[in-house]
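The same subunit A turns up in both complexes below, where it pairs with subunit B and then with subunit C.
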Partner chain A sequence: MKKATGLFILTGLLVMGCGNRASAPGVSEDKILIGNVQDLSGPMKELGAVLPAGSNLYFRYVNENGGVHGRQIEMKVEDHQYNPQKAVAAAKKLIEKDQVFCLYQVIGTSPCEAIRPILAESGTPLVAPATQSGSMSDMSREAADLIFHTDTGYDKQTRILVDNILADNVNAKIGLIYQDDDYGENVLKGAAVAESSTGVAIQKEAYQRGATDFAGQVANLMKGGATHVIIAGVVKEPIIVMKTAAAMGYAPKFYGTSPTMDHRVSLAAGPAGEGFTSANFASLWNSDAVAAVLYRELCSKYEVPEAYMGMYHFYGFITAQVLVEGLERAGQYPTRERLVNGLETLNNWDGGAFPPITYSQTDHAGTESVILVEVKEGVQTVITDWID
Partner chain B sequence: METFIGLIQESISGIALGSIYALIALGFTLIYKATEVVNFAQGELMMVGAYVNFYFVTTFMTQNGEPTVGIFLIAFAGSIIFAFVFGWVLDWVINRPLKDEPIFSVIMATISLSIILRALVAMIAGPMSLIPYSPFGNKILSINGIIISMLDLSIIISAIILVILFYYFFNKTKWGVAMQATSEDPVAAQLMGIPVKRVYGLVWIFSALVATISGILLAPRMSLLDTSMGFLGLKAFPAAVLGGFGSITGAIVGGIIMGVIETISMGTLSYHFGWIKEMNDIIVWIVLIAVLMVKPDGLFGEEKVKKV
Partner chain C sequence: MKGRYEDENLTWIPLLIVGIFLLPFMLKGITYSYKYYLFVLNMAGIYIILTVGLDLLSGYTGLISLGHSAFLAIGAYTSAILVDQVGIPFILSLVISPLIVGIFGFLIGFPALRITGMYLGLTTMGFGFIVKRLIIALRVWTKGAGGLEVSPPVIFGFTFNSDWDNYFLIFTCAIIAVVVGRRIGKSKIGRALMAIRDSEQAAEATGVHLAKYKMLAFFISGLFAGFAGALFAHTSHFISTDHFDIILSIYFIIMILVGGVSSIYGAVLGTLFIVLLDYLFVPELKDLIHGVFNIEGGDIQSLLFGLIMFLFIIFQPTGLYGMWIKMKIYWKLFPFNPKKRLI
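Presenting the complex of A and B:
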């Protein structure tokens, strides 16, 4: 009887003691391990080097200030070479072998789509996938309850750009150059919404990823009489398109989705890039936004190479802020479920770079607005407030 | 009329793009012609050449202020010397040790070389894309409403000059004939007193030279320089096959056909026939298969009969 009573008391103590301390993978007394899958050796390896460096800059700052609830944040990065199959293998390794607490910033629409089943199966959250595809916040998709998007989707960006163009010039003839893949598909979705809501027909021209010549597309837009052209490309494409148009004596007003916001676009395009206006889902890294000021301070403090500083490094930095906020809200004894619940309490949360972020059980989009940035005399200048 | 001018405009752009494919295909052809090996690192040789040229331009620029014609010429000369040494080293590292091994081993070695070169350049130059300088700036030439950029013009002219030079070299010089003989039968060539090893070395040097020149010309056309430039070599491969692997004329014609098809199908054809837009990525391959069905050795390829 004494034995049974002792066992009962011991069990009771254990249950009471651990009530809030359910152990989660990747969480120890003094450390939280985060998993990140980047393109370290494929076509987007440039971002693969810069994004995690930006995130680590913020983690270093947080760690030096005591970490999250006394735990240091450590990030393990795997390579997927922008290959969805490799992304699946990398995510599996991080979750099953390395036992990471959550995934964060996995880059690319296709890789993120490919790892949905693993997220669902293991219950691992994915915070701030590094893609602006609106599909990331589509709550009808698999594992959507575990994915927290921070960026305004390409579809919404395109729709906002079209609305903005028509607000400026009701007679505008709009053209669109898009990448013929998942990215372009999401852009076309936004274009279709804009077409049905405004009644305007958009001239669409596709290109294959890796294309180096846009003479055909530019000539077509010229023939179609487009006065305003949206370029849904990355960095090279807007430069070549604008230079080609300038060489042909064709001068529409050019716009771009967020990946074209890179400051090298205006640098490399030169006079042809003057007036180029892009949509961005966050404040500029060199602006007066609170997060941007902190970012520059830390870059200088930790002697970040100048080549790294810019929108993508800053993007890694500000998404790390969202993750850290989620970890804070997950409490002293975090579990994956508590991270999800914690993030879902973000209500108009302002980290000083993204527009105010709101998540709920039924909405993981986070933000729905952008700022427009125009190249004026070679300098990127913010020309609007947050618009949606 | 508008369509006609559009077609001409797109064709010129396509010829410039095709000239780049042609120069890469020429690199494939040179090595294949002499050694019957397909060098899958040809695109990477081009990428290395572009980076080396960028290095020379920026090095002299920081000393002198900004890139002048003189700096571009010095950088070009420096890159050519580098290509010479690079080709020679590759012959020693890749070709000579594997000379008597099955061709498959050499091909695998060139694939490995391409991966190693991409990684090495990324390690040395860093992961960030660079903004290359163009000696022609944004200068254009306008003839009756048809516009051609000076850069495109220089690419086309360079391709023409290189083809003439190599054609002359292969058909009219002693070394050229020696290379052809080596390609036909290395053992017989050696017995006839041809220094086969030196011929192989020369081929790799020429190949590196062509690659470097195409890299220097292509970099400013791509607006940003990064290691993915090497992947363009894979686009030039079907051009070489279309023209007839091993034929210098074929490499050039194949490259230009590919470039023009790519540009026109994205342009005028897509504009008038919407369905073409849907199959832009496969149209080049359809043309390739169609040509190979009629001419299995490519447009200018020679049918080789070997006695068994």
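Presenting the complex of A and C:
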């Protein structure tokens, strides 16, 4: 009887052990394969090369320090050319053919939206989608339980900027220049929330993605008497808008959403960009934040080309930190479900760059605050603490 | 088995159809990543429906269109709105959406009465830009540039929820489109369209009503694009303005050029060739390409497509289908072939 009981317990333990070691796609004894879909040859290809390079910098550091539970992280990058249909094909290839463990940092709102059905069908998590669209953390959407957003949404950023402007000047007349795509759509959502909560009407001027002439929009804002203008663009848009306004003798105070925070904006805009204030959801790469210090050390150690170093490369680096933390918490024998569960245990987790990140079963937004960065005498200077 | 026309041998058609429907089972047996290949084939199937219609317009009638991605978009958004917001059944939407796109095609056909060639191409391209702006402006129904979530196709209570299910739906529709396209091409309408392409004056002299047939060509082409658009929306589950870029219209033209203009089978071959090249060949070889030339796969793709189009126009204007016909004739006459190059 004792023997039988012992055998029963031993069998039970073995079964439990096997259950615990349940294998997952992309996970082998010594490697975890993750998939990334970037824009390597489309309209955002400048970012497409830089973001994964920043992530690989951190993965290299982790791998050289023994990896995650002894496994080396390897990242496979596919190109979607900023085409949602190509993004679906790339995600399918990574999940079905290359058998990646999870998706990470897929760039662009519409590509991320387009791959939701694949995530839901395959149960594959998407960690740190490279878009600040608030729709990524909308828990009512398909596959929302599998998407972990790291960035404060454009809608929240816009609302914070409006609140900040009105706190400085209650009589401010606010203008908004936005890209008429998915990015701008989310900015408009934030503007609508701000309008209803403050009762202030915002003058909105749209532009097409890729536009290089903003004279019409600037003239309209000038005519409308906007004293504070929020630019929801990327890099070249704020530069051209501010230079155009300066040439037209129009001098409102300019603000920008996080993509405009790139240091090239202040460099290229020159005197016209003085005072430009942008919102950002992470500490600056050249600041004293813990992650920024480590980032610069590793850039120096691994001789990262200077052209790569900056906001977007650093962004790749810090989102990789979140993924690695999730993989650590997924345990010795990770599965996709364990990665989701592991990430949902992050509670005010401080990686040294983002504001403290908290995920739960009902909230995958991660962060909801920003810092404001103002260009003072040509230098980007942080002027606030985390605000929300 | 002979078809309606003396030169048509249709023996292989039933075999091909059986092959098409057995393909998913074969893929499933061969590779664990069959779902990925089915997704690519599904896309090719949808584009085949559109290019068959485009071939009737640009190949048969000689009216160039750079606005077919816009027709696809109208079909997709119309069907998504009709099914998900108005509440009509998907099967009914498969009829109504093409008709609405056909009407748009009919309206775009008006300029074609006065202009041809490059100017018509530019006009249709402009139509593409207008449609994109319209989709963004009508955000109450389209959700603007943020994109629209679309329900899966449901026919008689059966929901087509996966690439596997979608394959059978899409290829049934594609086969119907090819058969209808062939019939139109061989009918009185098809002959009138070809007569217009070859010489408008001669066609008019033989009693072909130019205005009627030109606008009919746009209408028919719109029907096919609308049909493809409805399938596209419901099998993709998400549509946005980024899906229907102007470059897609150019790819459609490349597809019919590579396949062989004025040939429905050519449109099928050209579409398969370009989609498989774009979605299977280039991604597979992108690392190799990047290693050798230090350029990204997407960049080489544009280069490759440009080169393919260039080579086909210069050396093989009858396209892949023309090559196939020449090869057939060669083997039929073998060994008594005239001293000519095979291709």
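In this section, the second predicted complex is superposed on the first by the 372 of 388 C-alpha atoms of A that agree within 3 Å, B and C clash if a C-alpha of one lies under 4 Å from a C-alpha of the other, contacts with A are read in each partner's own complex, and residues count from 1 in each chain.
Criterion: a residue touches a chain if its C-beta (ideal position, glycine included) is under 8 Å from a C-beta of that chain, and two chains touch if they have at least 3 such contacts.
Since the structure is predicted, the reported quantities are computational estimates derived from the model, not experimental observations.
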item: Touching partner for A:G216 - first (subunit B), second (subunit C), both, neither; value: first
item: Touching partner for A:R264 - first (subunit B), second (subunit C), both, neither; value: first
item: Touching partner for A:K93 - first (subunit B), second (subunit C), both, neither; value: second
item: Partner chain(s) touched by A:D180 [first = subunit B, second = subunit C, both, neither]; value: both
item: More subunit A residues in contact - subunit B or subunit C; value: B
item: Touching partner for A:S41 - first (subunit B), second (subunit C), both, neither; value: both
item: Touching partner for A:K243 - first (subunit B), second (subunit C), both, neither; value: first
item: Touched partner set for A:P117, first subunit B, second subunit C, both or neither; value: second
item: Intersection of subunit A interface sets (partners subunit B, subunit C); value: 41, 45, 180
item: Touch list for subunit B against partner subunit A, complex; value: 2-3, 6, 9-10, 13-14, 16-17, 119, 122, 126-129, 131, 138, 140, 142, 147, 149, 218, 221-224, 226-228, 231-232, 259, 262-268, 270-271, 277, 280-281
item: Interfacial residue positions of subunit A with respect to subunit B in the complex; value: 41, 43, 45-46, 48-50, 180, 205-208, 210-217, 219-220, 222-224, 235-236, 239-240, 243-244, 246-249, 264, 267-272, 307-308
item: Contact footprint of subunit A on subunit C as seen in their complex; value: 32-36, 39-40, 43, 136, 139, 143-147, 149, 162, 236-238, 240-243, 245, 279, 283, 286, 296-299, 301-302
item: Subunit C partner contacts - residues on subunit A that touch it in the complex; value: 40-42, 45, 78-79, 81-85, 88-90, 92-93, 96-97, 109-111, 113-114, 116-117, 121, 135, 141-142, 180-182, 184-186
